[in-house]
């Protein structure tokens, strides 16, 4: 039986919770896969090596820097899950600021806090076999990833825009029909175009799509009433650095 | 010699990362530290300079287990600055969303994290090998909660449909979810019966409870702050009463209430302060379970959680029954400078937010006090009281007991925006 | 779009990363195929890819040679005797052997390109009298990656067979470098020659251009094109090359129809 | 061809229901006029109109007519070639076809361009060597009630494509909305259409009704928002393969694939093979794909059309040139959806002009 491990670094637990949220599939998955290491769900700590490690969270402390290398050593396949692990997460906003000043805002004795200047994705430190995007990840995509790695197939996780899913779902485009700013055209699909389905513009929580043309979209978003500050913020929330310089407003 | 050390490294079946270290000398505990090594994520700092509309989405990311709690406390704090109060159907929708999270979070804790302690399994999945129908019932209950959250919020984790003033889109028809909730209500009642039959260690602590209180309902979405010693104050006065301080061993801050450490927030507190306001079925279930008027045994918090699921299901059904879609999915909210406070009852206890908005609509200051930070000192006190008379037990047994005692409080370590491994040293 | 279940009747590893399978339908017999056609091979639960038919086994089954480059081809290469594979097809156009009757024949293969050409060579072997001079030139990365070495040695008794390698080892005595160099080493009368070319696109273009330069008419230079294919029946749209559906109008196409298209970058 | 005048559409909707059809037509929802199941004629968007421009759609109150608006955001493709469908499941080496879902749907209010789009799809899906039987079944389950356009949108150009504004074939019934007094001239285009029409309460059409209906279509033709010059376009596009215009367009193109998704004729699809974690069965689904995605042309680990320019070129060239080679018709019917729904408002009619 293949052995699965779930690891957590700096994160909200939401992505690993997604596995427990597969209520209909959890027990059958557990019948197919030995969930050997998953602290959030079990006090059994099966020793490595593992066939598949799911890693949540970004690397923000010196200890974690060492721990992720350990995880890589004991894992045949390593898949990062979520915006924290694939892009540094919302906590990567520290990258744009002075982390000591950040610590001083929150803690009276920032000197007690051991932290790195930047919140970095796992791929910045060790080779990663697949990155599953989203803040949080999509449940269906998580099951697909586990299935694909076990079956030795290429995961069906398209890198095209949210717009493709949006149209497949039959949403009227909120950008064209209501002038609501939407990052769908530059954001990778995976959520099923959730926000537009709720009459809200996509805010990019799955990170950039395969060939984002933010410059072209920004012209449109400005016309829809977003100013440069807003543009700067909207790209730098849950995937702070990955939309890249093209997101510079 | 009589030095003894207990270490529990990497607490399991809690959300987030923590450890416990206990040192004892000559049969006396000399040091007890619940350590939270969840890496600090500096939410309060990174919120500064963001638009006043953003905290509901950003603070949701503090915790994937109870994002709705963050969204609700944030919305209310910010709305109060802008002079907006969300009432009527929109408030009902917020409550529904919140009940969904309660059902989901409590079911997760009871079935997958806590019950395995009583039945002797390492986790819910392992427990399913012998008790499959039970675990399936728990998962179905959890799913009902998640579906309620998704029906209103768009998805179970980090809902996307919440905004200041209400929602981006109001659901048209909630009757399909009602069907599921009726089954969930039965499952919740069965859960109370099941967990009330567990074998509980005979432990009681003299807790000082803190919970929100609302004149018209078992407080969850909003209320004033009530303390079991009779103190009562509006949320706006929170900063005068609750002061957070930093302890070296943890990235979580410890909170003191009116100068004293170690108060408790969460299900036991809510039950102690507000039980009469529980829904009829929940009240009856509590009575049948023999909870009494006040429950001071932390191990029995699992029963209170189950009762709260009953309440959440019953109330949610009532709200769905009277639901008709609102004319507008949200009230307009325009930024204005000022300071605002918001608090709500996360599944783990009171969650307080305070924001200051500057004159261009950006966040100038943010302060977040999550339940686990408030409870940390009290959990340490629980452990102290529990361990002191039992120090002679073998370390593996002690370790297990400690883990259980911690899990009683369902500490959500990710939540410690600013927040927890057992290391027990008998030196 | 529903594959028929076939069973792996035999499996022969050719090289480190290449395997030749013989496939037979679980029920009935293999539909007829023409040399150059392909099937869509499905590794259950993993995916489906186009693979040329490189011959018919004595038992009647399809002989198909697969190189493990990605998930599906790896899964197919791992198949054992008795395993189930899904098969759709055969699809696509074929090598027009009749058009080569009475003409000199040049068969040019780059790497795995030898696989789709194998049925052509078998026909030339069987009915050599129908054709003029027959030459087979092949390029490969290293001597170890040469396809069908035993058959090549046999074919060498009937035709002029020449092989060049990109990276020779110590033992290699033959030519090195581009396959286009071999065009100058074989004997054919350009105006009365038919060429069958298969390999990587750059190799095919270079070979076709060289043949053209020597006077082989473009309509007598046949290539087998490769494009992304999901359906094999002109419906998914992926394999379009200008006006062509590579799966329906190809994969075998003569150079007069595709040279202009192949020149355009990213068409 | 039977003709008659209807004063209300409710009997029509009722009759279709009785025949077991779900009646789907335009209604105001989510700030647009889109096709949804109708309860009665009261769900139709009477008094509403739309304004369509490159990258922009606005709903507006617009007087009396019931059908006073242009193309809907979504095309008929959704009903004939759904966004995703499961093709088969495989257990223990035995593939089993998944039954085709072909619900009986009456589409009320399709336009001439929609019918032209269906005709193009018929050639694509049924015209070749490998007809798509699922398409055939879904297509056969449609009852089509056309409405002749009175108010073409700002992005419409069916007149230039010779596909509208008047529906001439491919429908079961066609309606022309007339005013003063408000009524519909109905004509049948099929036997079942004629039978249905006969059973409806109506009065015979007069010359005045017919004259008024002709007038509606003539006026509509003169009000086309956009125009395309077809003369020589097929050859021109292949000659312009290396034009610098493609790069310029690419600077505005998001490669988001909206245009291909809303296009009534775009048929490209991809195959998704997978396994069920719980029971180990395998399955295959077909889902809409687009020539704007990178995976579409992936070969040997890299896309053939890596640049946005190459992808846009494929799209436009396919529509107006290579489609003709492949299917003997243009791949564009002039509905203007790709113009309206392009988030950056790229306008194919304008780009064709620039490529002249």
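Per-chain residue numbering starts at 1, and chain names A, B, C and D are given in the order in which the chains are listed.
Definition applied: a residue touches a chain if its C-beta (ideal position, glycine included) is under 8 Å from a C-beta of that chain, and two chains touch if they have at least 3 such contacts.
Model, not experiment: these values are computed from the prediction.
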Would you indicate which pair of chains has the most C-beta pairs in contact? A-B
Note: chain D sits from chain C at a C-alpha centroid distance in Å of 41
Whole-Å separation of chain centres (CA-atom averages), chain B against chain C: 65
Inter-chain centre distance, chain A versus chain C - centres from mean C-alpha coordinates, in Å: 43
In whole angstrom, what separates the CA-based centres of chain B and chain D? 51
Which positions in chain D are in touch with at least two other chains? 273-275
Each of the following residues of chain B touches two or more other chains, namely none
Can you list the residues of chain A that touch 2 or more other chains? 151, 153, 199
So the complete set of touching chain pairs is A-B, A-C, A-D, C-D
What does chain D use to touch chain A in their complex? 30-32, 34, 55-59, 73-74, 78, 83-84, 251-258, 261-262, 272-280, 287-288, 290, 292-295, 308, 340-345
Which positions of chain C touch chain A when the two form their complex? 45-47, 70-72, 74-75
Would you mind writing out the residues of chain A in touch with chain C in their complex? 151-154
Touching chain A in the complex: which residues of chain B? 10-17, 37-46, 48, 50-51, 54, 57-58, 61-65, 67, 108, 112-113, 122-126, 128, 132, 135-136, 139-140, 142-143, 146, 154-158, 160-161, 163, 167-169, 245-246, 248, 251, 253, 329, 403, 412, 414, 417-418
Given the complex with chain D, which residues does chain A contribute to the contact? 25, 28-29, 32, 143-144, 146-148, 150-151, 153, 156, 158-161, 163-164, 167-173, 175-179, 182, 184-186, 199, 209-211, 213, 215-217, 219-220
